[in-house]
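In what follows, chain A forms one complex with chain B and a second complex with chain C.
And then the complex of A and B:
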């Protein structure tokens, strides 16, 4: 197999509850300009391929946004496609881009993602639009919401393993604290476990502060062969090369109930991790991964994720998280960016933002207060729905 | 504009500093509030008989003759064997496996999903089924627990979506 692509350059906007002065294409353009500066390039004329990453046609009141974005950033008439996989969209787009480069279809590809989920519609309407990504006749119409589905899952986890609300509140506290060290984060907060426990119930056992954010934002990653990056990105050599070395993807039934009796954890995530670890040659993930961005759509989901990714055994996620094992000074710092809970989650850009955080960690280029010292290998974990699609991408620094 | 679209326009003041803001010339923001309503006419396809029989107060599932798995909600095609399934009637009794108490209704006003809060979203293992059936459980939230015996109740009233012809209630 050909060498995997390198992360040639990255760019993003700040993540906010609302970028009132920007529509989706404006946000995308700002992230692209940030990426150009990061690469040291004047324009995108050398880039061979685009790949658009956004989830919702409803929020933007615009279909074929991918074609509009390709046009906006001047990549026409080069090839492009739109990748969509719910919450996993950004990570799935990167995975597709990986295949584009490794197959030899192109030597450079710009993966660009954007979402305007923040205030374009009310929270209630947003919840409705997201719930349309559930099974409409069987889950949506009965009053189901994703908060409710996730809540039913974590309750099953609590029943199976004794996981507690205090344990998942720890995730809500830590990720929002980490966001305080990330200048693009949407909602850094200095809160306590008690604050989380006392916050408004949304879908029990999840409370307001257990829930991630609705966000506006855009992000992009330029992937390329190392030779291409050296030739076309003047600033590429200023940093140690970071390779997008492995990727795995798993799927599961759409409806939680069809997974019975396995409803406490994410089978798709286990499958994605198995593939990615095999490709990367990882057998002891906790020891062999130095930093990770996990899909903390709800606080308890991170507990389920550290188990499904093999960092700890099934059922040990709650105590491990509460012990601080995944804090900035822990065994494996996770969600150093603040995660979906603190940095924010503009869906089509989320998986891309996770990859950017990991690449910047491997470059040792983030705020010292959230830098994982000496990190050489990082992981992103991104999923759709209640992990009907799950993607694990792995990045490695090779000096 | 057509009958089902209305709009309101607001314009925000300029902000920013022309000396430092590269986008200063683009800082005026006009925002439109659009109200759109769309009707959908779509088929329930091979699930239809489930909903038709709800009106007769019969609760159907499907069973795969090859692997014997019973699907509730029904699946016309067994995803394991890739064979058509067969309809089978269940008693409609079962037990709560997991649940959540929701404090916000996703619908509003005349919306098909407007619900009084709090309400219980329950995943029920129906007797004779191998999957969990999600639906509203009309019970006091503090009385819901894993293993609680429940049964399908039929609303017997006109509904906006046929899945609303049923819900769960605790067994007496």
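And then the complex of A and C:
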């Protein structure tokens, strides 16, 4: 197999609840300009391929937005496609880009993701649109919502393992605190476990401060062969090379009911991790991974994730999280960016933002207050729905 | 570079204006059963990866349909993603699948595409939804429709080259006649050039019989390394191996107005062909390609395509088509399946159906009345919108 691609350059906008007075193309262009500065390039003329990453035609009331974005950022007439898989969209796009480079189809590919919850989403229609991301034939009419599905899953985890609300409140506190050290974060907060426990119940046991954010934002990652990056990105050699070394992907039923009775954990995530670890040659994830961005759509999901990713055994996620093992000064800092809870989640860009955080950690280029010292290998965990699609991507610094 | 994948097996439903009493999952399952029979396999348990291909969340009023389809056809917990690019969706999914196999990410991958114009599309809303596939910011409010954009393009072609309505009516007649030899075709017709010319004006110079169909249907192609296909598909060795040997992709502005004054031909298609021919080592397309499925969304588009694909020089498409050069007994039979005009166009499945027709032609497995004798190399041409994204895929028989 050919060498995996390197992360040649990255870019993003700030993440916000709403970027007013602009549309998806404007946000995308801003992220591209940030990426060009990061690469030290004047324009994208050398880049051979694009891949667009956004979740839904509904959010923008626009079909084939990928074609519009490709033109907006000046990549026509070069090849492109749109990759999608709910919340896993950005991570799936990176995975497809990996295959494009390693197969030799191109030597450089820009993965660009954006979400602008504008035209298609108002407070009136947001729940309706999110209900379309559950199974419309079977769940829509019973009023099923993802908050409810996630709540049922963590309830099962609590019942099986004694996981507590205080334990997952720790995630809600820590990730929002980490966000305070990330200049692009949407909603850094300095809160306590008691604040989380006292916040408005949404779908018990989840309360308002256990829930992640709905965000506008754009991000992009330029993947390339190392030779291409060296030849075309003037700033590439200023940083240690970071390779996108492995990718795994698992899937599961769309409906939670079809998974009964095992709903305490995510089968798709275990499968994705299994594949990625096999590809990266990892047998002891906790020891061999130095930094990780996990998909904390709800605080308890991080507890489930650290188990499904093999950082701790099943059922041990709650105590491990509450002990601080995944805090900035813990064994394996996770969600140093602030995660979906603190940095925010512009859906199609989320997986890309996770990859950016990991790459910047491996470059030792983030705010010292959130830097994982000496990190050599990082992981991103991203999923759709209740992990109907799950992706684990692994990045490695190789000096 | 590793060997390209082979077409291990193919499957599809019949294509119809409306498949009643079923949904997208039912159609997908039917195509999969057809594919299993074609492969001689009992189930998909050996298949390593899926890729979903459908155009819009709007058609089905369902987001992340790819996850539902992956489960419906029994591929969970294996990896998947959805690839999208308007009308080019199916061809883009095959292109991405090519990269998945050649990169070594997997040895087998099922590309499955479906469109069911059900819940989300009624006669009342169809135009509204199709308008969402133009540029909503700039074209929606002026009432721009694709029929109008295509009409403007062929008008420019007529003005530049003297192309006539009779010439493109020939395409409308021939492709519908070819459809008569294809058992899955939606609307075979035995009509004359005069019938086309006398049909209802839609957007002049295009008349009703110059316009392609809106279709329900599903199709899938199993791509794999030759070794995998030989090991897992009992019927694979009954046919000569057909390789998916090359793929090109080009893009262009979404808006026709941004292309002015050159609107007689498709820049993205020329770029896609250039890449694919370079990859396949083709320098004389007309002589080196034996059969082709072209994206005849409107009859005149085939005339533009034979030029953009280099089968004839710019401006010579009209006379060449009318001379019968691309008829079943011509130099290079095109749209032997009936094309979008006669076989129909279930959007996300269209590019897959084109690949199936080409593979079956190379296997010499179609109805003798539409078989291109001794065909060794075939091409598919698929695009989104007015070719904002264009894909050329090439398949070769190598005994």
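The definition used in the following text is that the second predicted complex is superposed on the first by the 393 of 399 C-alpha atoms of A that agree within 3 Å, B and C clash if a C-alpha of one lies under 4 Å from a C-alpha of the other, contacts with A are read in each partner's own complex, and residues count from 1 in each chain.
By definition in this document, a residue touches a chain if its C-beta (ideal position, glycine included) is under 8 Å from a C-beta of that chain, and two chains touch if they have at least 3 such contacts.
The shown structure was predicted, so the numbers you read here are calculated from the model rather than taken from an experiment.
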*Could you tell me if A:142 is touching chain B, chain C, both of them or neither one (first, second, both, neither)?*
first
_Which partner chains sit in contact with A:20 here, chain B, chain C, both or neither? Use first/second/both/neither._
first
_Touched partner set for A:252, first chain B, second chain C, both or neither_ = second
*Thinking of the overlay built on chain A, is A:185 touched by chain B (first), by chain C (second), by both, or by neither?*
neither
_Residues of chain A touched, compared between chain B and chain C (which is higher)_ = C
*First (chain B), second (chain C), both or neither: which does A:61 touch?*
both
_Doubly contacted residues of chain A, that is, touched by chain B and again by chain C_ = 61, 137, 258
*Which chain A residues qualify as touching chain B in the complex?*
20-21, 61, 124, 127-128, 131, 137-145, 147-149, 151-153, 155-156, 159, 200-206, 255-258, 260, 263
*Name, in rising order, each residue of chain B that touches chain A in their complex.*
12, 23, 26-27, 29, 31, 34, 44, 47, 71, 73, 97-108, 111-113, 115, 118-119, 121, 123, 125, 130-136, 141, 146, 161, 163-164
*asked:* For the complex, give me every residue of chain C touching chain A.
replied: 1-2, 23, 50, 55-58, 60-64, 66-68, 70-71, 75-86, 92, 95-96, 98-105, 119, 129, 132-133, 135-137, 247-254, 258, 267-268, 271-272, 275, 384-385, 388-389
